[in-house]
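Next come the structures, one after another.
Presented sequentially are two complexes of chain A, the first with chain B as partner and the second with chain C.
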Partner chain A sequence: MLQVRLQAQNTRRTITAFLFLAIPLFLYLAFVIAPVFYSFYFSFTDWNGASATYHYVGLRNFQMAFHAEYFWNALKNNAIWTLIFIAFPTVLGLILAKMVDRLRGENLFKAIIYLPMTFSFVVVGLIWSWIYLPQSGMLNLALDTIGLGILKRAWLADPATVLYAIIGAAAWQQTGFAMVLYLAGLRGVPLEVLEAAQVDGANGWQEFWKIIFPLLRTTTAVVISITVINSLRVFDLVYIMTQGGPNRASEVLGSLIYKELFWNFRVGYGSALSIILFLFTLVIIIFYFRTVFKKEVEY
Partner chain B sequence: MKLKMRWCSLLLAGILVLGVALGALADDVTVYHYWTSTNWRASFVEALGLAQDELAAAGLDVKIDERIVEHEDYKTKITLLIQQEGTSPDLFSYWEGARTQFLADAGRLYDLSDYWAEHDVDTVLPASMKDAATYVVNGQEGIYNIPFVAHSAVVAYNPKIFAEAGVKPPKTWDEFLAVCDAIKALSTTTKPIYPLFTGVKYRWPAQFWFDYLLLRTAGFEFREALMRGEESYTDYRVVRAFQMWADLLKKEYFLPGAAAYDWQEVLTFFLNGQGAMYLMGDWVFGDLKGMGLEPGVDYDYFEFPMIEPDVPQGLVGPIDGFCMPALSPNKKDAFEVLDQLLTDPVQELYAPAKGGLSVTRTAKPDFDVVMAKEVPMVANSPFYAFNYDLATPPPVADVGLNAFVELWNNPDDYINILVKVQEKIGQENLFGE
Partner chain C sequence: MQSEIVAVNAKIGWRHVLYRVSLYAMLGALCVVFLLPVYGMLVTSFKSVADILRNGFWGLPKVWTAQPFLQAWETARLGQTFINTFIIAIPSVIGSIFISALGAYALARIEFRGSFVLFIFLIAGLFFPPQVVLYPLFKWFTWLRLYDTYLAQIITHIAYGISICTLILRNFFRTIPFELQDAARIDGCSHLRLLLRIILPLSKPALAALTIFQFTWIWNNFLWGLVLSDQKSVPIMVGVMILKGQYLIQWNAQAAGTLLASLPVIIVFLAFQKYFIRGLLMGSSK
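Our next item is the complex of A and B:
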């Protein structure tokens, strides 16, 4: 009798849980999952986004993408973005986290470094567009002031510098995010392990490289995975600062997809590009989840 | 307490629903536009106010609901809005030419031919405007975009810099080059002065250079054929236009770093007395006046100079008009609003503020000394061509605009750039079947 009552109670709880989940799940399916399938469907058509009719074109859109020089150019720019992001904001985030961890006034430093993350991409793009202005921008004026006027450039107008200039703006924002994740990771490092290492005569560098860094492996994998995913799906900053110009020098897959969908009215082709991007990102996400749920290093 | 909260929530929800319902019942005519510059919008809102007053005086209970979207985002957003019944406006401003053709071909626009006939628009607008408003869709002619204000691309110039250089507005290409040299000679390291300036961050401002160089050398018919895909970008006439453009760039007449500025940001150089000549649509006059500059004193304009004496010297520019979506919910009242937009008071109010010309036969706007010169210029022009990104299909315009910016950075590579344009058009069949 008691068992029956317990079972009924459990069933009620399960149903209640599903009822609570029903609406958000429906919204998630309708606004996140369904559009993915929709994009997949349209990637095999020649729909222009406005007509009521379209035709099935098979794999033509995908073939066009892989044969298009500007597609590989955008992919190359995403790859550059990813490599720089792994190297700089990630490493800098780790260094800053180590410096700030348990420091007096830690919260103040954390707040200052994290502050750019609170700005929207639009604000970041506008701020840095003004900083990079060739004639009156802060960067060129500063270079002039310190006697390095020879380094002045039209940062966003020069195809040689534009991509790196935008990545610089993005890195300024992203570093705080990496720092916060690493700070959380550092808090998970057992103090007794560090004390034991000190007793054994390990210096600061040895402590970091042989104890702390291995213990931060999961955190590092998370940071890198999120960094790579963000690098692949970057759009806002590029659109605000240059719209992918000049002449596609700063074009990334996100801005290319946007243009094909909404400027050139080639929804079928744009959908094919977005599916390609989705597949690249999926590989990273699978790696991310496998790493997050992997058994961690233990001492 | 809980019961009270529940009743309050229900009451609030009820008020909201009632408000929406009442809003839906009102005879609103929703009008979307992209004229975001402060004085443009203010003038357009004032013009709509005039229109609404006239409608009220005529006993029509029509409320005009003005909605605005930023210029660059508008090109995307409006295409989405007009496709759904719940979001479709009744009227929306749009550019005559390839963009209207695209929407008309897609079946998203209402054919206004009956409106034109029933409301005697022929007596209001000249024949040239009817030509601009007429499109062929599925082999049938129809009217899909009622012209509202016409613009021309001209060379705005700073008279003070001209006076300092001792030059006058040029009429021929050789005179133009001489003016550029004279102004370039004024430049110093502390105050650089650029004979020519523009901002190509959003690409489209570059098109006017291509348009005029091609039209002044190859003529209207060839250019129209190129826009339709019947001529090649590697044709010697296109190559010549690009070469002339490349020469201007290599002579460093242009403001460096043009891709870092949009078309309005770059006006700073005009204001600072560092930029002498700006090839741009005459809507820039609305901005310059809004910045407090005095027409005829602080700014003026001249027509793009003649290059080949035997080639007719026409004008390039967009015509802004109003389209009605096929899903417009309140067509009957929207027709009344369209009538009002074509009345003299509305035209005379808005055209000067926008820096354009009124489109009607009888409107006589009180133009300033600069805009007043445009009226005979347009009237005497042998032809009127839409600018590049309105004259050719959007995917082709995308390729072309990229090529213009690429030329800006690599003027020596002009032939290769054109070869790549033609290849891309062919490979991706950008002109369609």
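Our next item is the complex of A and C:
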């Protein structure tokens, strides 16, 4: 008797829960999940986006991608972006967090370093396009001023520098993000632990590497996961600053897919590329969730 | 505790002072580097093109002029896109938060089988590369005759806001004591009233952080506007890109446009920095 009543209660609770979930779940399924499946479906066709008919072409789009040099080129650029982003803004964010943590004037320093985060990619892209201008750009003028005029170049027009120039702009914007997360992580390090280390005669360097950094392991995993995901899906800055040029030197998967879909009308092929990008991202998403929700799953 | 550490530090004496001085010097230098691009945008937007060509981007304007702002606002019609973005952003922010609050309530406060899996499923969208949904969305809104309407972008922003809003709200709702809920339920209070009367009023910190986070994100968005608008519903960041195309070497107008486009978020950031940061943190490390 009791069991039956409990079961009825369970069912009722589940129904209530799904009534609450109906609207968000519907919107999410219709406009986030369904389009992914739709792209997946397109990726097996030769659709051009306009014609009424199209053919099923199996895996041909994927084969084409893996045989195209510009696909590997874009992937390589994403990889370079990811590695530099793990190495540079992340480490700088950690160092900055350690520097300003509990320092007098902390709030002012934080506000300045966070400020670029508030800018849109469009704004960042435009500002840095002026900085990189060959004649009157700030960077070349600065190099002139400090006597390094020999290094001057057209940063965004030179295939050798264009990708790094764009990454520089992105790093300026996003260093603050790593710093936010690391500062929160540092706040979680108990003062007693640091005190004990100092009493035991640990110097600053040892204290940081032996005690603080290991305690920031989860933070680091979170920062790196988000960095990798964001580096895989970069689009805006590249599109705004160079549209992938010159001669694909700054092409990334995001810009390549956009151009295939909306410029070349190769919907089938572009969708296949987007599915490849999606699968890469999915691996990182799974890693990220396992890190962040480890505790909760154990309960 | 803090004072004891300071005392230990003081014993190290001059090395400590040297450390402090170099720390501030390094931070100061870094801050200058971080601010230079913003400074460049500021001074450029008050210069004439001739001034830029003659003196470059660094110096202060020889003659201060507000002409670039007029050019960006009126001639390049950035003003209209400014209004468009408010029309899109306000319902998107409110809609995404309220709709997600319903789902987050169920996930946080009603026990049912599979709630955690559903939660993970709903927040996974946070990290989807937008490229994978771009073309289907574009096609659907065209078929629905919603292409180049505010509604297309509002729906998209709400749907893509569900992940972050659900993540933050569900986690926050769970921190509210359950005794409150049990008492209210025994008094015959429905779940919906519980959410509206008790849970949401107690969640003001999360709601504030989320509002600022969503507003910033939507205001700064570029890609949805690029794909879903053409003439009538162009959001400001796409407007800035059009401005760049129209005034290729009139960097002063471009700079004025970017400054105008950034102002609302800069103001929000300066006024609510604490909530801005809290939103970032709640969104990434639960």
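We take it that the second predicted complex is superposed on the first by the 274 of 299 C-alpha atoms of A that agree within 3 Å, B and C clash if a C-alpha of one lies under 4 Å from a C-alpha of the other, contacts with A are read in each partner's own complex, and residues count from 1 in each chain.
We adopt the following convention: contacts are C-beta pairs under 8 Å (C-beta built on N, C-alpha and C of every residue); 3 or more make two chains touch, one makes a residue touch a chain.
Computed from a predicted model, the values in this text were never measured in an experiment.
A.B. asks: For A:G49, select first, second, both or neither according to whether it touches chain B, chain C, the two together, or no partner.
C.D. replies: In the superposition, A:G49 contacts both chain B and chain C.
A.B. asks: Output check: A:F262 vs chain B and chain C. Expected answer is one of first, second, both, neither. What do you get?
C.D. replies: In the superposed model, A:F262 contacts both chain B and chain C.
A.B. asks: May I ask you to decide whether A:A111 touches chain B, chain C, both, or neither, giving the answer as first, second, both or neither?
C.D. replies: In the superposition, A:A111 touches chain C alone.
A.B. asks: Tell me which partner A:A196 touches in the superposition: chain B (first), chain C (second), both or neither.
C.D. replies: It touches nothing on chain B or chain C.
A.B. asks: Using the touch criterion from the header, give the chain among chain B and chain C with more contacted residues in chain A.
C.D. replies: With both complexes superposed on chain A, more residues of chain A are touched by C.
A.B. asks: Please indicate which partner A:L59 is in contact with in the superposed arrangement: first for chain B, second for chain C, both, or neither.
C.D. replies: neither
A.B. asks: Could you look at A:A154 and tell me whether it touches chain B, chain C, both or neither (first, second, both, neither)?
C.D. replies: first
A.B. asks: By the touch definition at the top of the document, which applies to A:A79: first (chain B), second (chain C), both, or neither?
C.D. replies: A:A79 sits against neither chain B nor chain C.
A.B. asks: Going by the contact rule set out at the top, does A:A87 touch chain B (first), chain C (second), both, or neither?
C.D. replies: Touch status of A:A87: no partner.
A.B. asks: Of all the chain A residues, which ones make contact with chain B and with chain C?
C.D. replies: 49, 133, 136, 262
A.B. asks: Which stretch or stretches of chain B touch chain A in the complex?
C.D. replies: Against chain A, the touching part of chain B is residues 75-76, 79, 83, 102-103, 105-108, 200-203, 256-261, 268, 394-395, 398, 402-403, 405-406, 408-409, 427-428.
A.B. asks: Which residues of chain A touch chain C in their complex?
C.D. replies: Contact set of chain A toward chain C: 10, 13-14, 16-21, 23-25, 27-28, 30-36, 38-39, 42, 49, 96, 99-100, 103, 105, 109, 111-123, 126-128, 130-131, 133, 136-138, 141-142, 172, 177, 180-181, 184, 191-192, 194-195, 198-199, 218-219, 222, 226, 229, 232-233, 235-236, 240, 253-254, 257-258, 261-262, 267, 270-271, 273-275, 277-278, 281, 284-285, 288-289, 292-293, 296-297.
A.B. asks: Hey, which residues of chain A end up touching chain B in the complex?
C.D. replies: 48-52, 64, 67-68, 129, 132-136, 154-159, 242-243, 245-248, 259, 262-266
A.B. asks: Once bound in the complex, which stretches of chain C touch chain A?
C.D. replies: For this pair, the touching residues of chain C are 1-2, 4-5, 8, 23-24, 26-27, 30-31, 34-38, 40-41, 44, 52-53, 56-58, 99-100, 102-103, 105-107, 110-113, 115-116, 118, 120, 122, 124-125, 127-137, 139-140, 155-156, 158-160, 162-163, 166, 191, 216, 219-223, 227, 237, 240-241, 244, 251, 254-255, 258, 261-262, 265-266, 268-270, 273, 276-277, 280-281, 284-286.
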